[in-house]
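We call the chains A, B and C, going by the order they appear; numbering starts again at 1 in every chain.
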Amino acid sequence: MRKEPKNKLSRFSLLESFQELGMLTPALILLALFVMTPFIMSIPLSFTNQKLFPSPIPVKLIGLRNYRQILSDGEFWQAIKNVFLFTLMILPTQCGFALLAACFLNKQAIMKKTLRAMFFLPFITPMVIVTVIWATIYKYPTGLLNSFVQTVIPRFQMIDWLGNRHTALTAIVFLSAWQAYGFQMVIYLAGLQNIPEELYEAAAIDGAGGWKRFAYVTWPSLKNTTIFVLTITTIQALKLFTQVNILTHGGPLGSTNTLVHYMYEAGFIGQKIGYSAASSILMFLLVFTVVLAQRLLLKRMED
Amino acid sequence: MGKRILMALAMIIAVGSLVFAGSQGETQTDARKITFMYQGTDQFQASYKAAVERFTAATGIGVEMRYAPHDMYHEQLAAAIAGDDLADVVQLDGPFLSSLAWGGVLVPVEAYIDQNLLADMTASNVVQCTYPPDGKLYAMGHIDSTVLLYANKSYLEKIGARIPTSVEDAWTLEEFDAYLAALAKLPEVAYPLDIMRAYGVKSEWGTYGFYTAFISGGGGIMDRENWKADGMLNSPETIAVARKFQEWADKGWLVPASAGANMVFNEQRSAAMAWCGNWYWAGAYPSMGDDLIALPLPDFGNGVYTPNASWIFGITKDADKEAAGQFLSYMLQDQAFIDDMIKTGEFPGLKSWAARDPLYSTDMKIAAEQAAYAIARPPHPAYPTITSAFMKAFANILDGADVEDELNDAAAEIDEDILDNDGYPPFGK
Amino acid sequence: MVMKKNIQESAINKNPGKESAFQESAFQESARRTKGLLKHQMMHQIKHQLQPHKRIGYLKTFLLLLLALLIIMPLALLFSSSLKDDRFQITAELGSLKAFFVTNPSFNNYIEILGPQAPVPMARFFLNSCIVMAGTVAGTLLVSTMTAYALLRGKFRFKRVIMTGIIALYIIPAEAIMLPLLFLSVKIHLTDTYIIQMLPFMASPIYIFLFHQFFKEIPASIAESAQIEGASFWKIFHLVYVPLNVPALVTVTILQGMESWNQYLWPLLVVRSENVRPMTVAIASFFSTSDIYWDRLFAASVVMMMPILVLYLVFQKYFIASIASSAVKV
């Protein structure tokens, strides 16, 4: 992205700056009130032994004890490993398929509406239902997937997809990608609408075929969209929770445990508010580092 | 286009806030009024509503009902406590009684409750409502629960198993083990036992369903004298029971989580027995009929112990306690209300109800009998930590982790929490 | 309206001479050259070349349809199960091929949850969900477009830092801030209202970021030329940037609408009375720990999905409508 041109024409008037600030404030107030304040409130909490229910003995400051316990907990590190693996697997699967589907659907002339709606359907399925449906597909021993694979490969040894620690995370990846690619697809579709038709016409004159048109027109024009999609998908992936909480509770043997699930278990099941706050702060710092690094990397690619 | 969108948005906001303002205007002005916080399915909500209406008609005391969904009930309760917005009567899950009594949220209820109702409570019901340090009732319940073995009768006949008819002659561990082995050899049986791993071993079922097996084997989660987990949760007796479950899992005898919770009663009938709560009957009976029998939990060597507890009602510290007690006494003795409970197949916590319940006085009689063998989950303010540590360890053990390591870790986690809170005085004194 | 036309016209006129927002590519060069040179006939030829051959079109449609069917196969399971009246039959058949077939379809489940006999006023919950969704979407569109624009074209410092900060807020998992937020709402007596179900989601980092990326596509030169015409910061925003980004507006409407529609944990915490209870919370009560009412749950899920599907079908035509306006942007 090139630098903004120095604007000599506009004078920095009082009204202008008033309007700018006026447009910015509602969001800042809402974010401060509903996201930042509660998060900042959890910082002092993370140094205490606060529980959910009231206690007749006063809540104690316990220093860095929560942090020390978390960092020496093997489960926490396993959760970090799991979410990174999950992110690495889901980024190409989900974003790639979303882009592909968007490109095909964009220029589709016949049955346009029906096809788009069908491709969009998984995304509007409530997650609870998605997990119920996929649990029956992954079912062991008589699930649809096992029966299908066995029909194709008769000697196939049936697998307990969600109950085996080597396959559980991958199974969650496919379910998640199926459910959520609609999100990226819709955004790519909107991005594709912004590409001017003239660019394709010009490409056609220069004799560019389908693939070349994609590589030289579509892909570069989707740059800003792709940056958005990659950043958001990364954060969403690192925040993985709902599917895991319903389907595997982090098991078997912690192989699908995630950072948010770790925090949830401490806070909502163990009712250890202080401990849970500490783990959410650690999680924030970790994911923020990743996102910042990614943003700098994407920024470099942009220039 | 943009302008029109903005206009439409403004309209929506305006209409929305009007509706919002409208919904605020509904206030009642009763002379005497209590508030009641509860959870439950649609049918339960309807039953509570009807009972409340009858109560108000009979006494003139108004009841403001505050529903909070099951999944986030304790969080809502905690927020109400912190925001000084606590209801007079609150429903709570049995094992959390100690936590709330210890925190000073609940008060002893005996003085405010009708004597007849107190006398009507089953032994197990009294256990779930009692706070151990002072032995007083801090809540009232009408519903209870228990865990049983459910078996496919024809499979048991095929292997020539002895069929217990009372809790007294429950299977011993050796018998149970031998029957599982024999059932595993039947061609129709893929899995001899379903311990409901489909519920998710971390959904409280992991503790609720199995803690009594450990007590029955001579171990347990907590030493109820000194309130420590170390020395009990990692005792040789506890380890032996855990090893037994792991052995069954290793042999492939237990229905895996992903297979679902219906393997005993689906068309293939590929599981022979189920280890499940009293609600299982309602699901299995329609397809199995008289081929389904309910049996007492096996004796792991130290006598039969059975799980208990359900959602009970407490009176809070700043409540109008007389009115609250009057309300509970009325509702829990309201026979129309009890009829609703019978209709949904709930497990009776009252003797008079058990006697007239068509299910628990016949096919599921053994369940009612088990109420005399109930022992509560560790009634300790650290219960949230206790259950989460235990469930995790038990789940990992079933998945093949090292038994001793897991139990040692869980015991350490529990004791550490207790230490962090100075032993939760007056416990452990 | 006259103003709007002027600005857009001037944008087109002034634009070719100025820099474009894109990296200059060879294709863009030739696009500009050919625009004047090409004869009508040549354009026709190229148009023809761009349109895929009809037979290929049918083949592509067929393959896409096949893929779509494969993708929605799991949902067929959901739909067929919702037509089975017996919840024990559903669990028994789930997991075998029988799950896809209905021998005696019945709408009883739908009647049970929506009809007058329903134990809870599901129609009211449906209305509540609609109100919360409409309010949230309206608020989100307004707040995030304004913020994104101010952060892109405003003349104050630290814009990039603020934008990164806002993205950082998206990292905070909802589960981490829910309890403090609940305690806060109880203190300020906002629990059990529509407002508390909408406000926390209106300033959504993700949609501020999305508009930011889409607004970037509009060349700064357009804003500049509009400014010469005397348009104010606010006017350029709602007369140029908002109307030129209908696809993004529609996208956010659909995405945020569906997010709001499926909100579960937050309303679970702040809603008590039936007056403001959304459908998700009501449906969750079919899922009690001991007993799952699969029949009603599946029917309710189908009912839940319909409004979003309708929303999508209604709004998706704006994806196409915006093509006309996209010419302005080069």
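Going forward, a residue touches a chain if its C-beta (ideal position, glycine included) is under 8 Å from a C-beta of that chain, and two chains touch if they have at least 3 such contacts.
No experiment lies behind these values; they were computed from the predicted model shown.
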| item | value |
| --- | --- |
| Contact graph of the chains (line, ring, star, complete, other) | complete |
| Interface with more contacting C-beta pairs, comparing A-B to B-C | B-C |
| Distance from the mean Cα position of subunit C to that of subunit A, given in whole angstrom | 16 |
| Centroid distance [mean C-alpha coordinates] between subunit B and subunit A, Å | 35 |
| Distance from the mean Cα position of subunit C to that of subunit B, given in whole angstrom | 41 |
| Residues of subunit B engaged with two or more neighbouring chains | 75, 78, 82, 203, 260 |
| Subunit A: positions in contact with at least two other chains | 52, 136, 139, 142-143, 268 |
| Touching two or more other chains - residue numbers and ranges from subunit C | 94-95, 142, 178-179, 284 |
| Complex contacts: residues of subunit A adjacent to subunit B | 49, 51-57, 60, 62, 135-136, 138-143, 160-163, 165, 249-254, 265, 268-272 |
| Contacting residues of subunit C [partner subunit B, same complex] | 88, 91-92, 94-95, 118-120, 131, 134-135, 138-139, 141-142, 178-179, 182-183, 185-187, 191, 193-195, 198, 238-239, 242-243, 246, 249, 265, 268-269, 272-276, 281, 284-286, 288-291 |
| Contacting residues of subunit B [partner subunit C, same complex] | 1-3, 5-6, 8-10, 12-13, 15-17, 19-20, 23-24, 26, 40-43, 45-46, 66-72, 75-76, 78-80, 82-83, 85, 199, 203-205, 260, 262, 265-267, 277, 279, 282-283, 286-287 |
| Footprint of subunit C on subunit A - complex, ascending | 1-2, 4-5, 7, 9-10, 12, 15-17, 19-21, 23-24, 26-31, 34-39, 41-42, 45, 52, 104-105, 107-111, 113, 115-130, 132-134, 136-137, 139, 142-144, 178, 183, 186-187, 189-191, 193-206, 208, 216-217, 220-221, 224-225, 227-228, 231-232, 235, 238-239, 241, 260, 263-264, 267-268, 273, 276-277, 280, 283-284, 287-288, 291-292, 295 |
| Footprint of subunit A on subunit C - complex, ascending | 19, 21-23, 25-31, 34-35, 43, 46-47, 49-50, 52, 57-58, 60-61, 64-65, 68-69, 71-72, 74-75, 77-78, 94-97, 99, 142-144, 146-147, 149-151, 154-156, 164, 166-173, 175-181, 184, 199-200, 202-203, 205-206, 208-210, 213-214, 216-217, 220-221, 224, 227-228, 232-234, 237, 247-248, 250-251, 254-255, 258, 262, 264, 280, 284, 287, 297-298, 301, 304-305, 308-309, 312-313, 316, 319-320, 322-323, 326-327, 329-330 |
